[in-house]
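Before I ask anything, here is the structure I am working with.
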Amino acid sequence: MTYHNLLFVLAAVFAVWAVMAKKLLTSAIMLASLSAAVSLIFFDFGAPWAGVFELSVCAGLITVLFIGAVSLIRAEEEKHPENRTRFYALPLAVAIFAIAAWFYLPAFFDELATGRQMAAGGGTIGLALWDLRRPDMLGQVLMLAAGVFVIKSVFPRRTENK
Amino acid sequence: MDLPVKMLILAVAVPVLGAFLIPIAARVSTTARNAFAVLLGLFTFLAAASLFSTVLGGQTASWGLSFPRGFDLILHADLLSVFMASVSAFVSMIILIYSVDYISHYENQTEYYLMVVLFLGSMMGLVFSANLMWMYVFWEMTGFASWRLVGFFRSDRDVAKANKTILVTVFGALCMLIGIIIVYFDYGTLDLRMLHGQAISYAAAAFILVGILSKSATLPFSTWLPDAGVAPSTVTSLLHAAVLVKIGVYAYARIFGVTFAAPDAFSNAVLYIAGASALVSAGAALIDTDIKRIIAYSTISQLAFIFLGLASGNKTAFIGAILYILMHSVAKGGLFLCAGIIEQNAHTKDINKMGGLFSSMPVTGVAFALCSLSVMGIPPFGGFFSKFLVFSGAAQNGNLTVLLMFLAGAVMTLLYLVRLFYKIFLGEPAGHNNPKEGSFTMVASVMALALIGLALGALIYYPSAYAELLTNSLGVNLQ
Amino acid sequence: MDKGLLAYLLIPLLSAVIIPFAAKNRPKLADILANVTLLAGLANLAWLALRPSIIRGEFADIPGDGLSLLLVAAIYLVAFCVTFFSAWFLDEHLPNRQAYYSLILVSVAAMCGVVTTTDFFTLYVFIEVLAVTSFALITTDESSGGIEGALKYFFLTFPASALIIVGIAVMMMSLGGLSFESLRIFMAADAPAGTVTFAAALMMLGFLIKAGVAPFHAWTPDAYQGAYAPVSAYLAGIVTKISGVYAIIKLATLLRFFDGRAQAVSEMVMFLGMFSIALGALAALKQTNFKRMLAFSSISQVGYIVLAAGLGTPLAIMGAVFHLLNHATFKTVLFLNSASVEKSAGTTDMDKLGGLEHSMPWTSWTSIVALLSTAGVPPLSGFWSKLLIILALWESGLKTYAVLALLFSIVTLAYFMMMQKKVFFGKKTAAAESSPEVSAPLLAPVVLMSALIVALGLLFPYFYTYVKMVAERIIL
Amino acid sequence: MNIILIPILLPLLTGLALLLISEKTKYLKELLGIGAAAVSLLAAVNILLVHPAPLHHHWLGTAISFTLIADNLSAFLLLAVSLFSLAISVYSFSMPNKGSAKWFYFNLLMTQGFAAGAALSDNMVAMLFFWEGLLVFLYTFIALSQNTHAAKRTAMKAFLINAVTDLCLLAGVTITGYIAGTMSMSDISANKLTLDYGWSLFAYVLLLIGAVSKAGAFPFHTWIPDAATDSSAPFMAYVPAAIDKLLGIYFLARASVYLFTLNGTMQLVLMSLGAVTILVAVMMAFVQKDYKRLLSYHAVSQTGYMILGIGTLNPVGIAGGLFHMINHATYKSCLFMTAGSVERQAGTGELSKLGGLFRAMPVTGVCFLIAAAAISGIAPLNGFFSKELVYKGTLDTGYTVFFLAAELGSFLTLASFLKLGHSVFFGARPEGMKETKEAPFSMLLPMLTLAGICVAFGFGARFPIEWFIAPSLAGMNIETGLLWGFHADKLYFVSVIVILAAVMNHLFGLSAGGGKPSKSSDHIHYAPVLKETYALAERKVFDLYEQTMDRVVPPVSLALFKVDRFFDWTIDALPGGVASFFGGASRRFHNGSYPLYMALTIAGAAVYILLAGGLK
């Protein structure tokens, strides 16, 4: 349970960091870290495929794209720094949310725990996850194709411009 | 399919569809386009008028096209719709004839003809619709056509006024749609023939009323009409004064006069609103100096009299209101067309810059005077009878405050029309070089309308007998 | 997954893969291949759904739930319009012409996947694919606005992906399955909702963000405004509607909002829909950029669909589906017109435009048709869909929502009137002096869509029959 | 065709036919007009004698039919209308100052036709139709009589005053019709209405306003003096002097005697109105310096006697009022004709420039003397008898004060005619008028005829009363015995005293005014208090119309205009402003700041999750 909580806290921290980072690049990296944390949560909750997918798609491919794109416009972005003082209130808001969640959501966590046991007991999760996943393979193919075309589309142009 | 039903369909379909052929005709030649547009107007009028024989024989003609959820398109010709259709088609036809000369030196003529004919077609559709939903559909179509017509000139100001027009009327229309929806859920149908004689809830009546008031330019939604009258050509204003604003009146007659039994308190509220409208707009007409704005204010004020007739809740007043629609359409149409001639030839709309035009534009002056007299309700013009009957009905209604309000309104009508005529045609000439008379077709159009106003007074028996037949056979909850 | 419609997914994918090879040295071939692929799909769909015998049979012979077919048709239609438009719009030497078309075709495939899938995880995967392709498409031209828009799109919809995946995880935990059917069965049974509903609510939130519903709309204006011109039409017309709005409708029917299950979610969705309507319309009023205004308008119109989906009654679903389709038609027209204006006059800043109607009459008039349909002016198609939504609201006793939704049409009309005044009517500005009408091929898709707007309005009974069939099938 | 239609249709058709005739033709228009008037007169005589069957036509729906009935009163009125029409059309034959001959005769004939229609209509709506229809021709008559802006302005004034009061009449008719349940005056008179009920009182007051305004009573009279200067003598002789009086008093009598049973209060109101009219107008008349303008004030003043007479509500008074109506039309037409002749021959109507014309224009002078004596109530001319009846009726009511007011009016009337006659026909002839000759025969004939009638109705006052008036007031017992020639009566002595007083006043004024007859009224004109009052009157301070137009209409309409602008603001600027405010606020909010957007998204998501999770 501590492990879960730690991961949740980490995810939250990354999310807040992503929002508050001064540099977009930091934001992107934090976003990737957030994805990674979420993936770990998936793994721990017994959803390894979801975790893999999240990791591959969000943390991997997309972050790569992001970092590439962000680095291209970094120079321009830094010329006009935004005043983001007011966003320092954000951690406070997160804290409020956490407290509120503490009051509102425990029932949900309890139920979730029972659900997990029930699913684990039935031993059907793996089956459900993998046996019916053929369309997802199509999705993966599409994702790969998309990734290829995106790289083909975005990167040559950017380098050319440079 | 019987001939009347065919005519009924054609009266709606020909102008609506024909309007979209006008751009094609325009490809051929300007003359072909103009002739085509005038022919469409003529045909519509004839088709609508041909239904008189049916309805006078006590028959009605109906045709339906099934739509889901009871939103059937039903065209239904009865005494009221044929009357209204013929009047508006006739006025529109005169406008089209007048337009041939009037509009000939402006841009966007094709769009103009398209919109006028489309407007006419939507009006026919609206008038003949026996389903509230389709009434609403055509209602919005007229709003669209009027938007384009008001925005005929494209200066920022004109377009802004056009936008004001459509926004106010569409706002009203949406309120009306709410009312229609209430009716729909109260009765499960929108077929007016089935709703005949039912009671209507206050909420529905109030919402529908907002739509009617906004379309008919009555307080508190009145001011788009003068604004619309200023921006575009006179002919467009005419549509507003003589046809478009009558839509609201027609809808009132159709919904609260011959279909639902309007609650008494509701009718009373309408009377007060109309009274206030008559007074306020008449006062504004006395202050304004723009010829077309004054006539537009006059329209607002006169519409209030029609509402007085419709809402008074007795037969006399209802007959008067029906006649008022006829008389006002003809007379106000004539006034606006005169204003068009004056404006075009004097190159100004400010009455302070006119004066003494009678000597150079005698025919227009006479036509203007005759039409004014009809609007004032001076015998032997037709306007006298309608005003008399409306007042008579108001007296029967027994509401002294309302009667006095309208009496004051009638007095102010006299004042502003006399002032207008005096300032334009008599008075000291103010720096103009005696503008010429309008072209033959234009002058003939206005003179025709003026003389029709006179003829309607002389032959009042026929229209009044018709209106009485209408009231007796269709009226609901009238004493 | 609906196997009958799989071909609509696979063929564009195949075409997308072929294009870079086949058109390597002949960029024009890419145009042709992409257009032919989509046109063939459209023709096939027309044959499937519009045969006289099918229409006479009140569409009872349509396979599947009917909704997929309808949306596939919409996807193909919009995509075809956009590719056709792009074929003449793209710069001659755009280096990645092939990649552009491939991306479009991949996203078409992904959208087909979205609308045909029957499983939440698959749905999620396809939505992510869409997100990736859209990201690249937005940056097709090298403008900084495009990159910024793309980034905003990605960053700000990222929480959506996270929420959806969390929702999927929670659902997996509590329901033991991810298929639509299992959720439907679960909701139909009178079991306590609990976690399953919460999972669905999380997913719903993700879709709401993807759909750009206020207050999660913040990415839409920048993304649509910054995007490459035809891509804006593509995004606003169909992509975000499929990736967000379709999923909302689907989830709404699965959650059985219509019989009062998941009341809290239903109410929230409706509230957000109403909020979007208001916020989008009001914000659009003061925009000075043509495309940005359209983006806000899009938020507002999506609000109507979401409002109806949140209500979830059969009538509301009919209205939502119909409005979804209508939105695809009119928003495509408007965005493509903004692209034409941009091409012709060089800017979409409305303060610099004016008097374009003389030089660009077709663009002007098709805009009028589309904007009237958006504002719900009869007898155009937008009127009927709004009417259905409002009737549904009223029927369910939500009169305040009904009245508000109806009255915000006037605001819609107001900002479009202002747009029309600033761009097409009014005085000619310097920018407008030298802007000829765009060529006929660029007009063709716009005119086609405008004709469709009018036709759908006038042929409402047929379309209603179809939508009714859809609603009956998906709500059973 | 029913003969009853001839006096209406013939003038109308002839009038319309005139419009088709070229302006250049000589005499044709005049002869046509005279012919039509003559035939109408014959028809009117016939109608009076035989009382043709009523004429019914379906008209405004089933409720209101077009009914013409020639009862005694209306036949008598019709005869009078036709007679004056003929007289004026003959008189105008060679009158140059009447504007275009074509339009003059058109207006004349149209007025005649409509007036005849109003007289014959039994249905109130039909009467109103004809009555209000006169407005148009009133306007054109004045506007076309002179080609000046003043004429147009006066025409507008006349039109507006009459149109407004006609509207009152219209409202009155509608209410009366509603209360009575019928629009037919003969049906209502069979079952008269009372004033006990608020609505019927209101209706009667409205009818009263319409009637007395037509007749030209205070305070609706102010267009008449203006018209006197801005239009032609034949018009003055025809419309304000004859037709308007006939119709107005006719309908007043109808309303007061046939339609309503009046009560004491209303009697007082009517009599006060009459007395005030007499005094106010005659005071004004007395100081006028223009021939026609002086006459025109008398035309107003004399109306007061008629209203006073009818207001007495006793048979004698009413008979007197009606008799005075016909008498007044006779002598006032005659006087205006003399004014026209003098103007035509001498070229001016200003009293200070005229003088000593009796010898140059003896026939005109004689006619003037007769008519002036008649209007001043000098026995044995017709005016004496009608006034005497009015006085008698007034005394019978017991309100002596009205009698005194009427006598005072008589005094001033005579005084002003002494001044007028002296100024125009006697005294020294100015230099420029040595060549002045008598007017042509066509002008003299009608003058002589009317003067003859004055004499005849004076010596034979019994006949018109017995033939025309008594039958019209059938059901009222009228003692006509006292109407025969000279007889010793206290009223007679009072009138002698009045005459003497007037002569003395004239002599006094003459000496005070330095022997100039035109200044013989100055001692009253410039007396203290009166001087200021007259000055105010000159500035039209007492002119209800001018005051309304200057003081009431602009502020009221401005206020209403402001209301209109307010509504414009509420439908235009207000929603626009509110929407702009929200639009602007949201525009400023969407500033493109990525962190702001992200925060918004996450905050929204947080609230959503809490609600979805917690409130299930």
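Which chain is which? They are A, B, C and D, in the order written, and residues in each are numbered from 1.
We take it that contacts are C-beta pairs under 8 Å (C-beta built on N, C-alpha and C of every residue); 3 or more make two chains touch, one makes a residue touch a chain.
As the structure is a computational prediction, the values presented were derived from the model and not from experiment.
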Most distant chain from subunit D, judged by the mean position of its C-alpha atoms: A
Chain whose Cα centroid lies nearest the overall Cα centroid: B
Comparison of B-C and A-C (more C-beta pairs in contact): A-C
Whole-Å separation of chain centres (CA-atom averages), subunit A against subunit B: 64
Gap in Å, rounded to a whole number, between the CA centres of subunit C and subunit A: 26
Approximate Å spacing (C-alpha centroids) for the pair subunit B, subunit C: 42
Between subunit B and subunit D, centroid-to-centroid distance (C-alpha), Å: 37
Multi-partner residues of subunit D (each touching 2 or more other chains): 594, 596, 598, 602-603, 609, 613
Interface hub residues of subunit B, defined as touching at least two other chains: none
For subunit C, residues contacting two or more additional chains: 148, 151, 155, 194, 198, 414
Overall pattern in which the protein chains touch one another (line/ring/star/complete/other): other
Parts of subunit B lying in touch with subunit C, wherever the complex brings them together: 66-69, 136-137, 140-141, 143-144, 151, 154-156, 159-160, 163, 166-167, 170-171, 174-175, 177-178, 181-182, 184-185
Complex contacts: residues of subunit C adjacent to subunit D: 148, 151-152, 155-156, 159, 163, 193-194, 197-198, 201-202, 205, 208-209, 215-216, 218-219, 221-222, 264-265, 268, 279, 282-287, 411, 414
For the subunit C and subunit A complex, residues of the former touching the latter: 1, 9, 13, 16-17, 20, 95-96, 99-100, 102-103, 106-107, 109-110, 113, 117, 119, 121-122, 125-126, 128-129, 132-133, 135-136, 139-140, 142, 144, 147-148, 150-151, 154-155, 158, 161-162, 165-166, 168-170, 172-174, 176-179, 194-195, 198
Touching residues on subunit D, where the partner in the complex is subunit A: 593-596, 598-599, 602-603, 606, 609-610, 613-614
Residue numbers on subunit B that touch subunit D, as the complex places them: 164, 168, 219-224, 279-284, 286-288, 297, 316, 319, 373, 376, 378-380, 384-385, 387-389, 391-392, 394-396, 398, 400, 403, 407, 410-412, 414-415, 418, 422, 426-428, 460-461, 464-465, 467-468
